[in-house]
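In this document, chain identifiers A, B, C and D correspond to the written order of the chains, with residue numbering beginning at 1 in each.
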Amino acid sequence: MCRWLAYSGTPIRLEELLVKRDRSLIDQSLHARQGATPTNGDGFGVGWYEDGGDRPPRLYRSTHPAWNDRNLRELAAGIESPLFFAHIRASTGTAIQETNTHPFRYGRWLWMHNGLIREFARLRRELVLAVDDSLFLSIEGTTDSELMFFLALTFGLQDDPVTAVERMVGFVEQTGHRTGVDQPIQMTIAASDGRTIWAFRYSSEHDSRSLYFSTRMDALKAHYPDIEELTGLSDETRVVVSEPLGDLPGAWNEVPESHVGIVQPGDDELRPFTPRLA
Amino acid sequence: MCRWLAYSGTPIRLEELLVKRDRSLIDQSLHARQGATPTNGDGFGVGWYEDGGDRPPRLYRSTHPAWNDRNLRELAAGIESPLFFAHIRASTGTAIQETNTHPFRYGRWLWMHNGLIREFARLRRELVLAVDDSLFLSIEGTTDSELMFFLALTFGLQDDPVTAVERMVGFVEQTGHRTGVDQPIQMTIAASDGRTIWAFRYSSEHDSRSLYFSTRMDALKAHYPDIEELTGLSDETRVVVSEPLGDLPGAWNEVPESHVGIVQPGDDELRPFTPRLA
Amino acid sequence: MCRWLAYSGTPIRLEELLVKRDRSLIDQSLHARQGATPTNGDGFGVGWYEDGGDRPPRLYRSTHPAWNDRNLRELAAGIESPLFFAHIRASTGTAIQETNTHPFRYGRWLWMHNGLIREFARLRRELVLAVDDSLFLSIEGTTDSELMFFLALTFGLQDDPVTAVERMVGFVEQTGHRTGVDQPIQMTIAASDGRTIWAFRYSSEHDSRSLYFSTRMDALKAHYPDIEELTGLSDETRVVVSEPLGDLPGAWNEVPESHVGIVQPGDDELRPFTPRLA
Amino acid sequence: MCRWLAYSGTPIRLEELLVKRDRSLIDQSLHARQGATPTNGDGFGVGWYEDGGDRPPRLYRSTHPAWNDRNLRELAAGIESPLFFAHIRASTGTAIQETNTHPFRYGRWLWMHNGLIREFARLRRELVLAVDDSLFLSIEGTTDSELMFFLALTFGLQDDPVTAVERMVGFVEQTGHRTGVDQPIQMTIAASDGRTIWAFRYSSEHDSRSLYFSTRMDALKAHYPDIEELTGLSDETRVVVSEPLGDLPGAWNEVPESHVGIVQPGDDELRPFTPRLA
């Protein structure tokens, strides 16, 4: 079990969401409320895009718990970004090492995941074999999460992200069913190319881990004209999170089961998500 | 808040108490039941004496959480000892670094602590100045716990341990009261010279953190003749712990408030503990 | 022995000096040419100020060797700064931990050091006692370097940096001589408040570790009109380094023995440095 | 480039060879003399068997440089073993993480390597595919060294070690040649099952990294009757090393090019090593 957060909008310091909230992501590393486990202390990572640039995103990943890593607080105070990911890890068994820590990066793409592929040990070899030759060497770790990323890349993530993830999930389920795994996949996933964020909520058993998106900023500002920190944020600013960062009524909305949310320039979208076979 | 464990008796593998129990110390690093906080993920340490030798104890200390440190499991499986300490840390503010991790060592002595000196920041300088010149350079970290050790050494820990700790506590309380700190100290402490373990339970407010000692082995074996793992243990085998390692009725006894337990060759002792002024 | 680098001028990515040079600081961590030891693998740190802001500087410090730390390369590529420090450490005996890693910070001030206080173990207690009460609690580590910083702060670093460092050195030498240490101090030091950099080169034996400053940019650009990377740099841009980052003839000038260089808005200065007694 | 050491004989403390020699392995981590690089600071590992037991070997592996890891010195002083491996790493490109650190373990077997598979990136996928299904899941890291171990296991290491390694090398060379890699492999390798050590020296170009074995103890003791530390060692005691641990004339002998040394109960052996095709 893990917790994650994806932000898109007016450039802000990372610490605004990672540190300076009652239920900031750092707080959730010790005291998650809605997760399978309260402690997410098996490392963390942040990935961020720069404002207005075409550079690849930058990563800071560590195997220490987020709550006691001083460098994380320093960087969160020093780095400003219009689009960033943050993730705190609770390992489901694979080694605690930076290469197993989210977000994962490929070119301009970031990827992070909460959940698991069930009986991954039995399925792993077959799944690895399906990764495209040209991508194989970029796999650095041993997690199911990273492998899902490289399968999605193999299935065309960079061209048609929703279809690619639907095909990835279809392939994992098919592989699982063939080897007798009942409910092969459980996931919330965030992916981004630096402009758009795709946030997926799905599980084979249709009982997926929690996922929320923040209410449109114009509506929120109209409702709470006195909350100062909202005034500086553009109407397009949006946060997607494993669990709400606070208690503000009306601020958080659940992503429905088997759906994908798309945070993008212009109107955001919420679409049904259906695994598909290749 | 922290959790700790001290063992004396028939040489056993460290993993017997650190890993292979329902409520092993590694389990307590994620899920302590009786502590101020459930998570003790700010590093850990073990210190062990060799069987029949006069060598100083050895230390393995790490800033990683005990639950995900592979080396700890390897060493706990590979090292056998007749007297060892183990400690899992929940920092009350000082830096997460090996030199702030328990047990602390000086010569043949080991020391570990659960609790705190209140308003340590205000008292620290005066306490540091009281440490003997010859000991000053051996202070490596910045914790209240290590400083208490060096104050106790200054007050004669190596000659008369109980009196030295009583004087240390008296001095900390006196210093605290003089600067307006109400309840200056909260502690359970274990100290050893490799033959005897002294286990202290005390707090200025007389509401100290939990501390337990195991029942005499002969009594326990008589009561539970069928528990195989007890049969190999000598009658003198004893464990002192922040919280019980299991549910066996009759196996665990609370150290009374303001007392010190002494685990030693021959009959063990339980004595009242009273801070004293120099 | 350590190596360090201080930059002031047109905002650049840290990687320009830390990574992308033949003799970048990361290269020097494995292959220093002019140092007492070729390997500086006992941790590293960077400290940087933001452009145009009044925020305190940010730190990233790690106990890993600079040459194999991926996060350092990520941050060096992602962070741009008009004034930054970087330091690679070769411990002279104190523990390898982040709190012993340069640069050190106090409020808006950064400090880093190459060299040592000789027989520090014998002098340490007396030096610690001279630190001002209000500063004492901010000492986090156990190095001579950090202690020199807090002594300089005690002696007025924030008001008159050159005099404060002269008094710090005078005090260390006096304390050393009184206890029979012949040549108590060896140092190159950089200090900054975010606007000015003070770079000191001094040792009791007048045979100090190497220190260089870069030639004025207008002169360098006139001499090398074809070097593209120079064209974007303001005339005031200046680098101070333990050893040159490359071979360009005329680019590097030695700071003379017992001198302090002052890199500041307007003309920079080079002044004699003389320890003084309180 | 890396350095390694394998010991078999009278049980000794690990520190005897890791710490207490002029050219101990810890010294070689900073100052290797015969290696491709003088610094081997990208982590280290030790693996040791217990005396007289059938337990699997234990591992302690870390990503810190051996020269500044305090835990290593503690364990080397505290652990005694009749057969142990130690390895210091200089990465040839793969990530610095414990799962990429030697020795590697599978059941009762240990394995460590100095050298590389050339153009590993291009060959990796095909080599991975050749690993037996039942072994695939035990691969935890991303190094060429670990993959060579699992290929050797696939080819029968546990039944006929020399043939299995000859087949592994033959397979790597065949795969390399087919994809246009000229000299696919460079290696010195140690493998053990806890009773015997196999030490291989081979490279496709027949210009292999250095490898030495110590002279028979009876001969050495006869020659140096006054060296006290030798007297306690059995005649069968033997050390195999990347480079000599000292200067004693007559003490060290080069393993010839393309040979395997077998250290075992009774007479040791030295045999030619010839890669073979499956």
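In this text, a contact is a pair of C-beta atoms (placed from the backbone, for glycine too) under 8 Å apart; a residue touches a chain by one contact, two chains touch by 3 or more.
These numbers were taken from a predicted model, which means no experiment stands behind them.
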Fitted rotation between chain A and its twin chain D in degrees, CA, nearest 5
180
If I list every residue number at the interface of chain B and chain C, are over half of them used by both copies, so same, or under half, so different?
same
Computed distance of Cα centres, chain C from chain A, in Å
40
Each of the following residues of chain A touches two or more other chains, namely 70, 95, 98
For chain B, which residues are in contact with chain D within the complex?
48, 50, 55, 58-62, 70-71, 74-75, 77-79, 98
Looking at the complex, which residues from chain C come into contact with chain D?
30, 38-39, 41-42, 63-65, 67-68, 70, 91, 95-96
Within the complex, chain B is touched by chain C residues 95, 97-99, 121, 124-125, 128-129, 133, 136-137, 140-142
